[in-house]
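You will see chain A twice below: alongside chain B first, and alongside chain C after that.
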Partner chain A sequence: MAPTVLIVDDALFMRMMIRDILSKDGFEVVGEAENGVEAVERFKEVKPDLVTMDIVMPEMDGIEAVKQIMKFDPNARILMCSAMGQQPLVVEALEAGAKDFIIKPFQPSKVIEAVEKALKD
Partner chain B sequence: MDMDVSQYKDLFINEAQEHLEALNQAMVDLEKDPGNPDVLTEIFRSAHTLKGMSATMGFDQLTELSHEMENVLDGLRSGDIEVGTDIVDLLFSCFDMLGSIVSGIAHESGKTVDTKPLIEALRAVYGGSSVSEPIKTKARKAKPPEPASREEQAEPPEEAGEGEDESGAEKTLRLKITLDQDCVLKSVRVFMIFKKLSQIGKVINSRPSIDDLEDENFERSFEVFFSTSESLNAVRKALMTIAEVQGVEVLAYEEGEEEVESQTVETGAQAFEKAETEQPVGDAAAGAAPVRTQSVRVNISRLDNLMNLIGELVINRTRLQEISTSHNIPELKEALAQTVRLTADLQDEVMKTRMVPVEHIFNRFPRMVRDLAKNRAKEVDFSIEGKDIELDRTILDEISDPLMHLLRNAVDHGIDSPEDRETRGKPRRGSIRLVARRDRNYVSIEVCDDGQGVDAEKIFDLAASKGIIGREERRALGGEDVLRLLSTPGFSSAKEVSGVSGRGVGLDVVKNKVESLGGMLFMQSIKGEGTTFAMKLPLTLAIIQALLVNVEEEIYAIPLGVVVETAVISPHEIKSVSDQEVIFLRDETLPLVRLPRLLGETRENGHEAFPVVVVEVAMRNVAIAVDDLMGQQEIVITSLDRFLKVIRGFGGATILGTGEVALILDIPSLLA
Partner chain C sequence: MQESRGLSPLQLDALREVGNIGSGNAAVALSTMVDKKVLLSVPRASLVPLVKVSDLVGGAETPVVGVYLHISGDASGSMLLLLADSSAAELAHLMVADPEEELTTVEQSALQETGSILAGSYLNALSQMTGILLRPSVPGFAMDMAGAIIDFILVEISQSEDYVLVIETEFDISQHKIRGHLILFPDLGSLDIILGRLGVSG
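After this line comes the complex of A and B, so read on.
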């Protein structure tokens, strides 16, 4: 059974891209969210094996979303998606319980690597 | 595995433009309310998202410029940099630059722009470092957890290990950890590795030092002295779960007499195959996960095609109706009644999919008004109402320029200077409102200013002096004639107008555009209090009700929107007023225009009664003489291609149920 993924990013463009990368590699994208609030809601709804989480988003940022998701499910696997220049935030997210991170611009191989590693952990 | 990103280009451009609009909008807000942290956050977020997207697409100029912008925005957010006019202007210039790069990408123009001056200006603001290392300063904050304790660092690692068992016993390892060649945030990777190690053991020391690792002063690999009771495999496995860790090598192993094998674990296909079997399956993954997709992006040309197909369907339906009527087949009639209902529903649904909120074009106006007001030394509060109101995409695109025109007029000529306003007892800041509202089958869009208004008398005098109206006419004019005069081609091009009221620059263009869309333009103005222009627009363009008329054996369609009534006129009812034929219809004098003549026929006027169609053009009624009225029908507009478009008087063509082609008359331009 294909691992299920929830994609969180405020840019539709990025969501599409991640979706394409992951679905090509046999993952099942079970949901998308465009801000932190939505992400937490969708997580509770679809309980995905993995979440890819953008950091800078409206309503609620990715860090707060990680905190809330981890509170709901301490075993949640979350992969941060960050652009350059966000190191402190990446670290904060990792401390909040995120498993790993990937840096935009994405290379599909890196995305897949990070996703697979996070799932293995 | 490199990625072909070209397939995302359209999506990228769309979204990038949305972000640029949001940036412009938010920046206008920020200028009004410089301290507002929410607005700043929003600007920062848009710039950041734009950067990420651009980097993904490999558009370096966009990435670099938005990155530098982000640094300045960060400074604004933290309060290190103050929001001032120069900064706002600089950021606006950046937005413009980004916009032109994006449109360059969209049109594949291949033209290059020079972003250097802006980048340098941005750097001057935040005192930034070189672009090649933009992340260094921040990277420092990513502190890996301290090795077990600083004092222990000096101690040789050998001291720690003296266990016997593979797992369970404490042993000391010297690990060589290698990161991927193109690993981006090495310091954060180090942080993760140390975090992971501290979960399963104790980090004693590292080479290079922890400080150097934090500062990314290392190539791809570093060594760690690590004491743990876990097995070698467990340690390796734990580290390999971190992305971009390419390999873990055990260089030395202190635990009794066991030999240390140098082993390298490679990430790669085999590792993943193994992972496949080990993958935990989430408890909810048992097929219960609902997949919801709320919206789909569709290329506008698809919708156009769909609309065209429905158009064809409507034509065919009309044809079938004609057959059923002429052959009088009741069953067919019955079946057709159903088809009529279904096609109407279908048409309705497709129309809805073509509807776009007006904010799509409204969003760019605040910035424009702001720039213009600044340029003209006016103080203007600009507000938008009803941005959720929807209009057909095609119409929306068409009215963008006319709206811009009206807004420009409002700033330029409507709003009075702050000084004048104060002497008149009005607040210094003028207000311009852009309002959209739905009115049954129409959408009305208004531009209201509280400026100096139009002095109707002066306009009339000017028109009379220019010979546009006669002295007789001058006396009969009322307020509703102002717009007609203002939008007379040539009227407003005169310089003296701007001194008097300034209205009307290019108003004829606006009016023609609105009318060619099947809409109407209104104006209301009170001297000294302000002016309101209103466009009344149909919801859609593609299918309209039209009156079919016959002239010289040719069928023409007149959009029902402009038709007031029809009548039959006898030749003796025609009078002549200063060389213009007129008719009297219920106490109203209407100019009579003979369509055959307008279309180039040169025949004599007949002596028989003929039908006229009374149309409303520019808020006055005109009677159009035709040969025959054929009835009202729903028609599908097919626009004329660009060679035929230049011919005045025709708004398009349509195919009738019989297969005949009828030209659609564009009454405003025909009579202009």
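After this line comes the complex of A and C, so read on.
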């Protein structure tokens, strides 16, 4: 069975791009969310194998969403996808429970590599 | 008040270097996004009277697309990506294959995300250089005259000031006639922190 993914990003364009990259490589995108609040709700509904998570979003940012998802499911696998590559934020996201962090913009191959690695952990 | 805030040539030079490193990183990001060569101008750093800021980008009447965001964290300010209408359309077409002439929702989202990623890369470099955390807000998007967009941003940051510190770089994807401006407006209140971290406090 194809691994299932929930894509979280406030930009429609970026959700389309990530969906495209993952679908082409055989992943099943089971949901999308455009802010942290929606991400937590969707996660509980669809229980995906992996979440790609943006950081800067309205309503609730991605790091807070990671914390809430990890509280609900300590085994959740979350991959941060953000343009904000500043060290303190990367550390904060990883401490909150994210598996890895990729910095936008990214090459499709990097996304696949990071997704596969996060799923193996 | 302005005189007391006079920046030394060394300080202005350090701020230009902020522009250089920030926009350099942003240009790499843009180049990755569109898979084209991106050229940069030499950055400008200066205290500019509020009424003159839009002159830097071709005049207040120029129709533009603007993506702007606020910065909070250890230092505050604003960041603006400005593209002339024709450049915005070209850039959108490079990212989203769409025959429509009007900007579609997806193309607007692509431009907004471009602003967000360019600002993110710029601030990543600046953060690495100074060791301070700079958090961008969710980006705003506007299609208007340059003057209207700049006024909107300056109202929030300038308050009682008549001058604003502008660190500006022009970029260029020449084979596609795309030109734009990336502008950082550090809040004057945050200037001491930034200059201190750059080792050139007054």
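The working rule: the second predicted complex is superposed on the first by the 118 of 121 C-alpha atoms of A that agree within 3 Å, B and C clash if a C-alpha of one lies under 4 Å from a C-alpha of the other, contacts with A are read in each partner's own complex, and residues count from 1 in each chain.
Here, contacts are C-beta pairs under 8 Å (C-beta built on N, C-alpha and C of every residue); 3 or more make two chains touch, one makes a residue touch a chain.
All figures in this text were calculated on a predicted structure; none of them were measured in a lab.
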| item | value |
| --- | --- |
| Touching partner for A:1 - first (chain B), second (chain C), both, neither | first |
| First, second, both or neither for A:103, with chain B first and chain C second | both |
| Partner chain in contact with A:114 - chain B first, chain C second, else both or neither | first |
| Touched partner set for A:56, first chain B, second chain C, both or neither | both |
| Chain A residues touched - chain C or chain B, whichever exceeds | B |
| Contacts of A:88 with chain B and chain C, given as first, second, both or neither | both |
| Partner chain(s) touched by A:11 [first = chain B, second = chain C, both, neither] | both |
| Doubly contacted residues of chain A, that is, touched by chain B and again by chain C | 10-14, 16, 56-58, 83-88, 103-107 |
| In the complex, chain C residues that touch chain A | 29, 32-33, 95-96, 105-106, 109-110, 112-113, 116-117, 119-121, 123-124, 127-128, 133-138 |
| Complex contact set, residues of chain A against chain B | 1, 3-4, 10-14, 16-17, 21, 28-31, 45-49, 56-58, 83-88, 90-91, 94, 99-110, 113-114, 116-121 |
| Chain C-touching residues of chain A, taken from the complex the two chains share | 10-14, 16, 56-58, 82-89, 103-107 |
| Touching residues on chain B, where the partner in the complex is chain A | 1-3, 5, 8, 11-12, 14-15, 42, 44-45, 48-49, 51-53, 55-58, 67, 70-71, 134-135, 138-139, 141-143, 180, 182, 184-185, 187-188, 191-192, 195, 240-244, 267, 272, 275, 278-285, 289-292, 297 |
